[in-house]
Structure formats: C-alpha cells, structure tokens
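Provided herewith is a single structure, encoded as structure tokens, for subsequent inquiry.
As written, the chain order gives the labels A, B, C and D, with residue 1 at the start of each chain.
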Amino acid sequence: MKYAKPLPSYLVQRYQGWKATIFSENKAWYRRLADEGQRPRAFIISCCDSRVHVTSIFGADQGEFFIHRNIANLVPPFTDDSDHHGTSAAVEYAVSALKVAHIVVLGHSNCGGVQGCYDMCSGHAPELEEKSSFVGRWMDILRPGYERVLDVPEEQRKDALEKEAVLVSLENLMTFPFVREAVEKGDLTLHGLWTDIGEGDLHQYDPETKSFKLV
Amino acid sequence: MKYAKPLPSYLVQRYQGWKATIFSENKAWYRRLADEGQRPRAFIISCCDSRVHVTSIFGADQGEFFIHRNIANLVPPFTDDSDHHGTSAAVEYAVSALKVAHIVVLGHSNCGGVQGCYDMCSGHAPELEEKSSFVGRWMDILRPGYERVLDVPEEQRKDALEKEAVLVSLENLMTFPFVREAVEKGDLTLHGLWTDIGEGDLHQYDPETKSFKLV
Amino acid sequence: MKYAKPLPSYLVQRYQGWKATIFSENKAWYRRLADEGQRPRAFIISCCDSRVHVTSIFGADQGEFFIHRNIANLVPPFTDDSDHHGTSAAVEYAVSALKVAHIVVLGHSNCGGVQGCYDMCSGHAPELEEKSSFVGRWMDILRPGYERVLDVPEEQRKDALEKEAVLVSLENLMTFPFVREAVEKGDLTLHGLWTDIGEGDLHQYDPETKSFKLV
Amino acid sequence: MKYAKPLPSYLVQRYQGWKATIFSENKAWYRRLADEGQRPRAFIISCCDSRVHVTSIFGADQGEFFIHRNIANLVPPFTDDSDHHGTSAAVEYAVSALKVAHIVVLGHSNCGGVQGCYDMCSGHAPELEEKSSFVGRWMDILRPGYERVLDVPEEQRKDALEKEAVLVSLENLMTFPFVREAVEKGDLTLHGLWTDIGEGDLHQYDPETKSFKLV
C-alpha cells in the first residue's frame, strides 16, 4: 500500500491533546472496555453527513452506542444472496451478537443523498439512473418512499422524503427474521427520528398519528 | 410503521441538554452549515464499534468529517453489478460530490468483526461460513488479509489482521477509478490508522517500512 | 522599492521544510481552499504580541479562523468619517462578506499596549499623550476602560485593564450596525477571552457574574 | 457586556488538549516569556485571510514574530492627524519599542480584499466606492498600485495587484520617519513576500530585477 501518507499535523496535534486529557481522564474505563468488550445499549443508524453527530446530540461516551453510518441512513431489505452487505452485517452483529435493546434510525434535514433520490425519481438526475452510479443504486432503496410523498404539496416533498427514509429503513429492518423475532419477543425496540440541522430540533415518529412529532 | 416506540427518556433528557447548551452555543454556525451545505475536509471510514469515536479523538466538530462506519472499517473492491453498495456509495459521494481532500481508514484493537474473520478463516466459526451469515459474507472482504498474516507468530495474528483490514481497505479504495484518478492528480490523499482502545495509542501506516508506527 | 532585502536564510530553510512536509501533507485541501475560497467559522481579534498564538491554542488549521491582530486586540467604535480604518474593515469583511458565526476577542496577560495605556492614563507616560504617538492615540480607545478599573485595588488594576480591553472591544463591536443586527438575529455570537501567557490559563467573560471565569 | 456567550465546547476541548501537551512541554519557556517580556526578531504584516498562517509557514514558535494582520496586509502612509491608526500603532510599537530587526510584508494569492480593490477601481463594485464602506475606504490605500498594473495583460492584473499591495505597503512604511531612520542606520531591513496558497510557493521581491522571484 504505497499510497498511504502521513496524517496532517493538525490532526496529530489534536490527537495528542485528546490523549493527554480526555483519554487520560477516562483511562480506567477505556481499559475495561478494551478488556471486557463493548456492551452498547443502542444501535444507531445515521447518515455519513458531517453535520450530524449523534454522539454529541445524545451526550454519548465511548461504549454507549454501536453506530452504523451510510448515505441517507438507509437499511436495504433482507436478501439471501450471499453478497457483501455492509448494512445488513451491522444489523446482524448489533442484534444477534451484541443484543442491543434499541435500534434508532436517525434521519436529518438538508440530506444530499435524499436530494439525489428526489432528483432521480422526479427525472432531473439522469446520471443517477445510470447502472454505474453507486449513489443512484443505493438510493434505489428509497424509491418506495418517493411514491408515498407524491400526495404531499411539492414544496414539502423533499422534507417528507427524508422522513420516508427513516420509515422505509424501519420497515426493511422488520424484514430481517432476527430483528422481527427480537421485536416480537420484546427484547428490542425500534425508534424513528429526524433532526433539523439548522434548528437543532428533533422529531420522532409516532405510530398513533402516523407522523413525526417534535421531541 | 406500527413498531416505532418513543425514545427512552434518558435520551430525551440528554437531547434537551444538548439543545440548550452545545446547539445554542453553535447555532449560528449550524444554521450556516444547513443553509450552505457541508464542506468536510476528510472522509473517515471507521468501525461501528461503540468504543471508537473518531470525532472525539480528533476534536472534530460538526461539519469537519464525512464519516462512514461499518463492521471492521472495510471497503469492498470496486464492482459494476448495479447492486446496493452502501460503502461504495459513500466513497463515491465523498470523492465525487464532496471532493474531500483526505480519506482516513481507522482500524482498532479488540475488533469483534476482525475476530470473527479470524475465527472463520482458521476454521473455528463454521456458522460464519454459512451463506446466510451477513457478518461472514461481509468479512469475506478481509480474507486476502488473513493469508498475509499466516507468517506472523500466532499470538500476534489477531492484531496483525486488524491492521490488514486497514490495508485491504486502502487497496480496495484504489480499485475505484475515481479514487485512483483523484489520488494520482494529487487532489486526494489516503491515510491508514489503527488505534489501541485500551492504551489510547494511535499508529499510522508507513509505506517506507511497510509497518504501522506510533504517531 | 529599492529597500527590500532577501529573506534571512534561516527563514528560507524553515519555509522549505514546511513546503516539503506540512504543505505536502495538506496539498489537496489547500488547493481546494484556494479554488473555492475560505469559509472560516470564526473571526478572531487578537494582539500582535509574539507570545499569543491563537491557532496553536485552539489546534486550528489553515481555513478555520479569520484573524485580525492589532495592538491590545482593540476595536474602535463605529464612525462614518470615511477614513482608513483597518480594524473596522476587517470586522465588516468578516461579518458582511464571510458571514462568520463567532467573533472572539482574545486578550492576554503581560500586554505591553495595555501597560502603555495604564501608564498614560495614570500620568506616568507623557510621551504617549503626545499627538504624534500612534500607540498613544490607538490606546485612547481603552480610556473608558481605565475609568472602570479605578475601583480595583491598585496592584490588580493592570490585569483588570487587560480584561477591560476585551470588554470595551465587545461593546464597540455592538456599535457597528451590521454586527448588532447579526447578533440580534442569532447569526453571530460574541465571545470574550483572556489568556495568562505564563500559566497557559484561559478565562472567559460570563455576563451573569460580570467577571472572567477560568475555562 | 451582556452579549458575550460561552465558548463552543469543541474549542474548549481543543484548548484543554493544548494546555496538557504543547503548553505543558514548553511551560518553562512560556513563563520566561511572560516574566521577561517578548523579544521578537521580526515584525510580520500579513492578511486576516484564514488560509495564510505565517507561523506555520516559518515554523515560528511563541515569542518569535510580532504579527499584525489586516485586510490585504496594507500599511497606510504616515499621517499626523492624531486619529486611531491601528496599523501605524503596530509599526511604531514594533520598531520603536521592540526594535525588531526585520519587517516582512506577506501578500498572498486569492486575496478577497485585493479582488475588491480591483473590482472597485475597474468600476465593477460601486458599493465599495460608497463613503460608508470600511473595506472600500481601507482598500483606497492600494489605489496607487492599481494605476501601475494597467500596463499588465488583463488576465494577470489581479495577481499583479496582490504584489503591488506588498510594494505599496513597503513604500508607505518608508514614509514613517522612525522606520526610514532605522533602515538607513542598518538597524532594520524590509522584506516583501507573496505566497501562492494553492501551490505553497513563496516569492520575494528582488529590487535588482524589480520583480518577485520564487524563493
């Protein structure tokens, strides 16, 4: 791997600062986490977006959340094709190996992935329709959500589609036999959230009213 | 989606604390990030493991790092099968849409995914060999790394395989035409890191000596 | 300009070292910053003093902070006399063109400019009272602060005046209509800091208690 | 000063990291600098631009450079109007109080202030012509430089004007009697530099050829 380069020095400086303070203050706990293994309470599925830090929003320290982050916080439906499925592997590990008590899908405003899906489905992004587009093929997962937002006034569709990304993912989670079983036995609960980056608001899905409500 | 449940109250409480403090202190900046879009400097590929918080280690605030997290921080090789590839979609978005300057693959000690791969490859985890195992099929990506650690004394192989997870991912990144092109033009640099959770140490890959060195 | 001389060779040597290391490690990002323009999060007003490096204290890399440095980190009050106002121009550019989210005024211990102001106001530096003294006329900005430290025991007045330099600057910032408007709309927040050079301490102004508190 | 807000927590974290590492390692020296006062070798006049870190380029530690930063690294001509002149005060303090051996004016590529001056002088930025524009009135200092770049091919004028900003400042420095006297006595040397942000190049003014040469 001849292409690897040294870390930029501003990151080295910051790392050394972290080691001398936060790590040093928590050393005993981090050593126990290393020796005894993790035991996270929740599994979070969040977006790669640099503006969404679930650990910050929930004041989570190392050891609390098992976190998968992908474009648009999507879970594909269950398949048995033996292919590489990074998201499905994370779900399986969280539920079957770590036995987390909660799965939280966290969507967010201003999502570039969802914008791409919206543009693609409404015919304005032919490049995302191409077979070779990894983003396009990934966002195909959200196509069923696009159908459902067509009833919504046009200026609200983009936001509605971000919330559909959460719901489609929750629905797809239930297609995994080990998820369904754990949910039905009461060993696991699912939660759907959407956060507004600019306002700092957090909304959660309420199955009673079938809508997202401010927390 | 009738299965969604209300968020546990301890998380609601912490969210409200975050909103009143950290969000409030950074409101103006978060609004600008929402309005103008993200412009992250680096793309981080890290593990889902709850004990590895790259934003903490590097003192990064919202907006700085675009982050993909999956089991064992793996990147699969480039394919053109039009399937759902979450990791490849994240790489494409980071490099082609966001034009990040750095990709950092961050491995870590005590990695459960790598342990699984080790057990599977050494014949001690037949359940991971099964077609239906998402974790097993995902860890197949690391099989070429397993071959390379067989020369290492047995008690060091597990650690060596964690570092191979970083190197295999860097090698696979270079199979993506748009990654290779950006690297060759000098628009993108790759970095391989491995952190020891219990010691708080950070090691980086040095192509000169073909080994990981303490930062 | 016949007076310009070649750079001392120790600086040439260091520059060449920087180019081969730090620049080289960050080249892709620096090129993007050049092509796309800066988007700094904060505007820092700091002293020219060689002992105060705000980028080091906050681990900031190129692109993060827009920085104005003058004697004693002072902001003059708003005027509309069409004269050359370097500080006011920097404030206007930071707020109106760059739309920074934070303005930080950073004062410091052992400040020679503030010492001069103290000596001048207490009658011990007649040379600074002269019309021709640029330092004296610049330090006139801090005269309202001198009035306010007369209640303080004499041996603490010099330190108190350094903190007044921060407060007077924050007050003067609020006399700029575009600053006031951005603050009132929540698009901009102001912060007052004072650092003890010898102790490495950082204090911030707390409006509740009207005093500087250790961070 | 009721408007001051607490420092964003990511900056608090980074500060604490700095204190525990860089400060801690250099404590003895920083204490001496505090007790004995600064004795900087050079006075640097640089731009506020977030992409230009003169301390990084020259590997300067605390105590080495007395630094004034303003929009477009400009020095106004000497005047005796008793007004607030931040730049002139910094020049006076550096030369008369600190007796620096060098003054370095450091210009740079992609300068927003110089771009504004160029647009204003070529009739494309009427808003900068207004009396109330602090940036416009500050950039008036560079008008004599604009006249001199009209001979240059149009596509090179913007770069040429950035270099004129360095030369105009050096010329204006020589209008300060105490600067001229120190230069003529050989106690002070002046240096004109221009750096290309994207390429990391450094050019210095050579009075022999009346041009900037790569260092």
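Quick notes on this structure:
The criterion applied here is as follows: contacts are C-beta pairs under 8 Å (C-beta built on N, C-alpha and C of every residue); 3 or more make two chains touch, one makes a residue touch a chain.
What you are looking at is a predicted structure, and each value in this text was computed from that prediction instead of being measured.
For chain D, the chain with the farthest CA centroid is A. Residue numbering at the chain A/chain C interface overlaps only partly, since under half of the positions present are found in both copies. Chain C and chain D have CA centres that are 14 Å apart.
Chain B and chain D have CA centres that are 41 Å apart. Residues of chain A found to touch two or more other chains are 5-8, 13-14, 16-18, 22, 24. Residues of chain D touching chain A in their complex: 13-14, 16-18, 20-22, 24. Against chain B, the residues of chain C that register as touching in their complex are 25-29, 31-32, 36, 39, 41, 59, 63, 99, 101-102, 186-189. The touching residues of chain B, counted against chain D in their complex, run 21-22, 25-26, 29, 59-61.
Every residue of chain A that touches chain B in the complex is listed here, in rising order: 1-8, 11-12, 14-19, 22-24, 27, 30-31, 33-35, 37-38, 40, 48-53, 55-59, 62-71, 74, 76, 80, 82-94, 97, 102, 104, 109-110, 112-113, 131-135, 137-141, 167, 170-171, 174, 183, 189-193, 196-200, 202, 204-207, 215.
Of all the residues in chain A, the ones that touch chain C in their complex are 5-10, 13-14, 17.
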